[in-house]
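Common to both upcoming complexes is chain A, partnered first by chain B, then by chain C.
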Partner chain A sequence: MATKSHAHRRFVRTRHWVTSRVPTVIAGVVFLVLWQLTAMVIDNNRIFAYPEYTWRQVSERSDTVFIRIVETFSSIAVAFVLAVIVGVLLGVVIAEVYTLRQMAMPIVIFTYAIPHPILAPVFIIWFIVNPGAEIVLFSFTGPSAYLLDSVTAADAAQSFAIDGVTTFGAWVGFFPVFLSTITGMNALEERFEQLGTVLGATRWQMVRYFRFWRALPNIASSIKATVQLSIIGVIVAEFIASSEGIGYQIVLAWKGADLGYMFGVLLIIMMGSYLFYQTVVWLLKVLTPPGTIE
Partner chain B sequence: MSNETAEPTTTSTDSGEEAMISFSGVDKIYGTDATEETVTALQDIDLDVDAGEFVSVVGPSGCGKTTLLHLAAGILEPTDGTVTIDGIDVQGAEHDRSEVGLVFQQPVALEWRTVKKNLLLPVQILKQNGAIDESMDYYRERADELLELVGLEGFEDAYPNELSGGMQQRVTISQALIYDPSVLLMDEPFGSLDAMTKDELNLELLRIWDETEKTVLFITHDLNEAVFLSDRVIVLSPRPGRVADEIEIDLPRPRTGETRSRDRFVELSTEVHQHFKHQR
Partner chain C sequence: MIADTLRKLGDRVDGRGGVRLGTERAKRWSLSLLGLVLFLGGWEAVTRGFGLNPQYYPGPTDVYRELSRIWEPILTVLPNTLEAAGVGFVVALVLSIAVAIPLVASDRLGNALMPFVIGVNTVPRIAVTPLVIYWVGFDIGPFDSVGLAAANYVMAVWVAFFPMLIAAIDGFRSIDETTENMLIVYGARTWQEFRYVRLQRALPFIFDGMKTGFILAMIGTVVGEFVSGTPGIGAMASSVIRRTAVGRAIAIVLVLGLISTAVVFLIYLVESRVVHWRESSIVGEG
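Presenting the complex of A and B:
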């Protein structure tokens, strides 16, 4: 009985998932049609590239694009994970230690007010001046080496690393997680504080059993914002760091006034970002207790 | 049935030793920070609850009932006087947390834990702090027994927001019962429930109390409920809260649904209502 209704619920959820994707597909088709129509009106690939021309420009350099997109999204993954871990840990500490909070909050608000991009060169320079600071977490041969004959394993050598690009991405993505951890932890209802007192819970037990969990819905929704912000951070850093990632490919396209290539690269970034976002949302749903999200 | 023996009403000098819960000369004033307006919530409270006794506290809203209970739970510190449980100051380091269970007015089930994990939460904390000795397996089994006792079997893996108000309240009560404290402090635990669920849970509570010989301090604004459950009913007067009256309830036990229709029940209930009216 219970399993049957469970299976049924699963079915309903799957069907719901499929139907909820229909508008997205329609939007995609409408987008392509509008793109083609606009290009036909302008009819100049240097001002507004045709979809077909865009495709050609990208597929000509598919090796580079493939390698670079993997490089960029590896950086984004590192930046994102760093932002979440550091944001939650620092948030917990600041939420718990009142005097630290009194001292830290004005600084946090001040740094938050600095427009992020102007700090990107600072992060890059730190790691250029001090190459030993870069930490390679995990090296791997990118999927392009397996999927494209023209790409050698050496070309596709990639890594998850803490470097100028990823630290800047983490910096940009860090604030929402950090702030929502503090807000959520301090929102614990009074009766739970009282329950803790009755049980003689230590401060660490209050964090571990009550406050952290109370903050989890806040953290989960801020993590969605962090996805976007760490992508922005990484790509901005790549614009500036030169030679790295898909961000640098945009710079090349811009310098060569190659609109078709630029359109293609932008589209790929958009699709990658969307996939990354959906993956994170799915992971959050799987990993957190029901009711944490939305 | 250990509760049949009538306790002496007005506490004599020697009963201070044996009282399970004891308030002596307790004042509670809120807002002593000079910046705020002060509220004298309780004044000159002298109250003893003997081991195994079931005592209810009634009084108009805002007269300090919750304050009284939170003082006994050690959540609040008295402005003056002392509160002891089993002879030990609840504010002191020797106070044994595993001796006291507090049932809150609103459910304290954590929404991110399943029902069973909610029951085990107090155990995890108390065990880590060395306040209880039994193994986790023992408590897991006990959680299953308790869930059956309060009629929640089959809901072990449900989350609190999937339960009705009455069921959530059962979880909250079980959370206080799981580590078998000898003192149960209950703050209008059935206040938000419909009359039928309330009657049902009242009977269940009496059964548990009778089986486990706990000392209960029970807060309610339902005078009939107080009479039905208790050995003694304390009437608090408002602003500042003081003990205005004490009514001994000599109804025989065990009490059943039929107890409410007894003449003596009606008499006592009327008496308590009258005492209560004087406090308005």
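Presenting the complex of A and C:
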């Protein structure tokens, strides 16, 4: 009896999962059909690439694309983690120390209003003139070396590193986490303040046991914005300043007027960012206490 | 979220430190000023104290010297950037409101298109910059700089539009059930609904959207210039990389940062005039 209801529940859950994916699948099919139709109307691969042409151009260079996409998303991962860590730590300090918060305010508003791509050269140059400042956290042989015959281990040598691209990505992604940590820390309800006082909590204990947990839902929801911003930051940095990553491949495709390749690379970036975003949201759900994310 | 924080950044929040009432404001301002002075002073002291090479590690005075040196070239290219960002911003603003109204007025249309709007809003839109430049530059000739410059306008609209659209939709939708029932009882037509209720409700949201929208329009333009190299502040910044002139890069950041802070502040001033029933904040919802 018990096993039967268990199996039934699993069946219901699976059916729910499948039906909830139906709109996504339909949207994908509609997208492909529209793409094909538009291409047929224009009928010129130099103006609007056919899906089939895009596929061919990308699969011709699948090894490069594979290596570069792993490179880019390693950078994004580093940038994202850096942004979250620095954002939360600085946010806690600024939220706790009133004087510091007032002193930092004009600088925070100013740096927030800067259109951030203009800052990318500063980060890039700084690492050009300080080659020693680059910190390689972890080197690895990319998955392309294992999956594709044409890629040697040396080609696929990749790393998680703190360099110009990742620090800039972290900078761009940092603000939402930073600001929402401050908001959350200061939104602690009065009754908990009083409870802390009654229990004789020290300032550090207040932060550790009350304020931080009050801020967690704010931090979790801002992390979603940080994911997107770190992706943007890394791609912008790759555009302008390096021969690294998938961002540079788009620029290359543009310079070579290779529209099929450009379409393909863009699609891969969009899908990659979607997957990365969903992974982070899933991780947040798993790692944080229930109810942190609505 | 961000609006909230910055509103609170200005208030006495933590219920412990700080003084109340009249002296508080003065204290806040002087602390802010002190922070700025300490920051610049500390920066200058470090670069001087360690005798660092001003080309790689400029202090504030080096940045200022660099700024006065490149002031003329900045003035010649700045109008291009500001025009593209400004025009793009206004177009995106008008479009976002014009598109939001039918999406809110018709539930069916809204339900059908919202997933698309949210989907596009989550992908990194800035990544298509080379594609936009390619398409825009195509008709007029691939190396025509006038044609390429048009891409910066398109990028400004493209990057700024979706967040502003979502802000406008959220705003138009932000009416409570009681008001909604009242509208039904009165038999209000769709345009009356917007004219008398929804527009007013949406204004704070639209203003918040405008603040981020302007920064985004600047971002779109600057990245467009970075990639296409059309004369503008973005192209100027990217040319700095080859010379590894850190001071110049910071000087450019300073100019652009001051401009967008000023524009955001201007929007804030207009907002606090227009939306007099609600407290405004300097930086909108991000």
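Here is the rule we go by: the second predicted complex is superposed on the first by the 276 of 294 C-alpha atoms of A that agree within 3 Å, B and C clash if a C-alpha of one lies under 4 Å from a C-alpha of the other, contacts with A are read in each partner's own complex, and residues count from 1 in each chain.
In this section, a residue touches a chain if its C-beta (ideal position, glycine included) is under 8 Å from a C-beta of that chain, and two chains touch if they have at least 3 such contacts.
Bear in mind that the values here come from a model prediction, so they are computed numbers and not experimental data.
J.: Sticking to the clash and touch definitions up top, decide whether chain B and chain C on chain A clash or fit.
T.: fit
J.: Answer with first, second, both or neither: which of chain B and chain C does A:44 touch in the superposed model?
T.: neither
J.: Have a look at where A:279 lands relative to chain B and chain C in the superposition and call it first, second, both or neither.
T.: In the superposition, A:279 touches no partner, neither chain B nor chain C.
J.: Of the two partner chains, chain B (first) and chain C (second), which one does A:199 touch, if any: first, second, both, or neither?
T.: A:199: touches chain B, not chain C.
J.: Is A:152 touching anything from chain B or chain C once the two structures are fitted on A? First, second, both or neither.
T.: Neither partner.
J.: Where does A:59 make contact in the superposed view: on chain B (first), on chain C (second), on both, or on neither?
T.: neither
J.: Compare chain B and chain C by how many residues of chain A each one touches, and report the one with more.
T.: C
J.: Just to be sure I read the superposition right, which of the two partners does A:216 touch: chain B = first, chain C = second, or both, or neither?
T.: So A:216 only meets chain B here.
J.: Can A:139 be said to touch chain B (first), chain C (second), both, or neither?
T.: neither
J.: For A:36 in the superposed arrangement: first (chain B), second (chain C), both or neither?
T.: The answer is neither, since A:36 touches no partner chain.
J.: Considering only C-alpha atoms, give the closest distance between chain B and chain C in the superposition, rounded to the nearest Å.
T.: Distance of closest C-alpha approach: 5 Å.
J.: Across the two complexes, what residues of chain A are contacted by chain B and by chain C?
T.: Common to the two interfaces on chain A: nothing.
J.: In their complex, what parts of chain A are in touch with chain C?
T.: The touching residues are 23, 27, 47, 95-96, 98-99, 101-122, 124-126, 128-130, 175-176, 179-180, 182-183, 186, 190, 193, 218, 221-222, 225, 228, 231-232, 235-236, 239-241, 247, 250-251, 253-254, 257, 259, 262-263, 266, 269-270, 273-274, 277.
J.: Which stretch or stretches of chain B touch chain A in the complex?
T.: 70, 73-75, 97, 100-102, 104, 106, 108, 110-113, 121-122, 124-126, 128-129, 131, 159, 161
J.: Show me the residue ranges of chain A that touch chain B in the complex, using the header's touch definition.
T.: Going through chain A, the ones touching chain B are 191-192, 194-202, 205, 209-210, 213, 216, 288-292.
J.: Quick one: in the complex, what on chain C touches chain A?
T.: 1-2, 4-6, 8-10, 12-18, 27-28, 31-32, 34-36, 38-39, 56, 115, 122-124, 126-131, 133-135, 138, 142, 215, 218-219, 222-223, 226-227, 233-234, 237-238, 240-241, 244-246, 249-250, 252-253, 256-258, 260-261, 264, 282-283, 286
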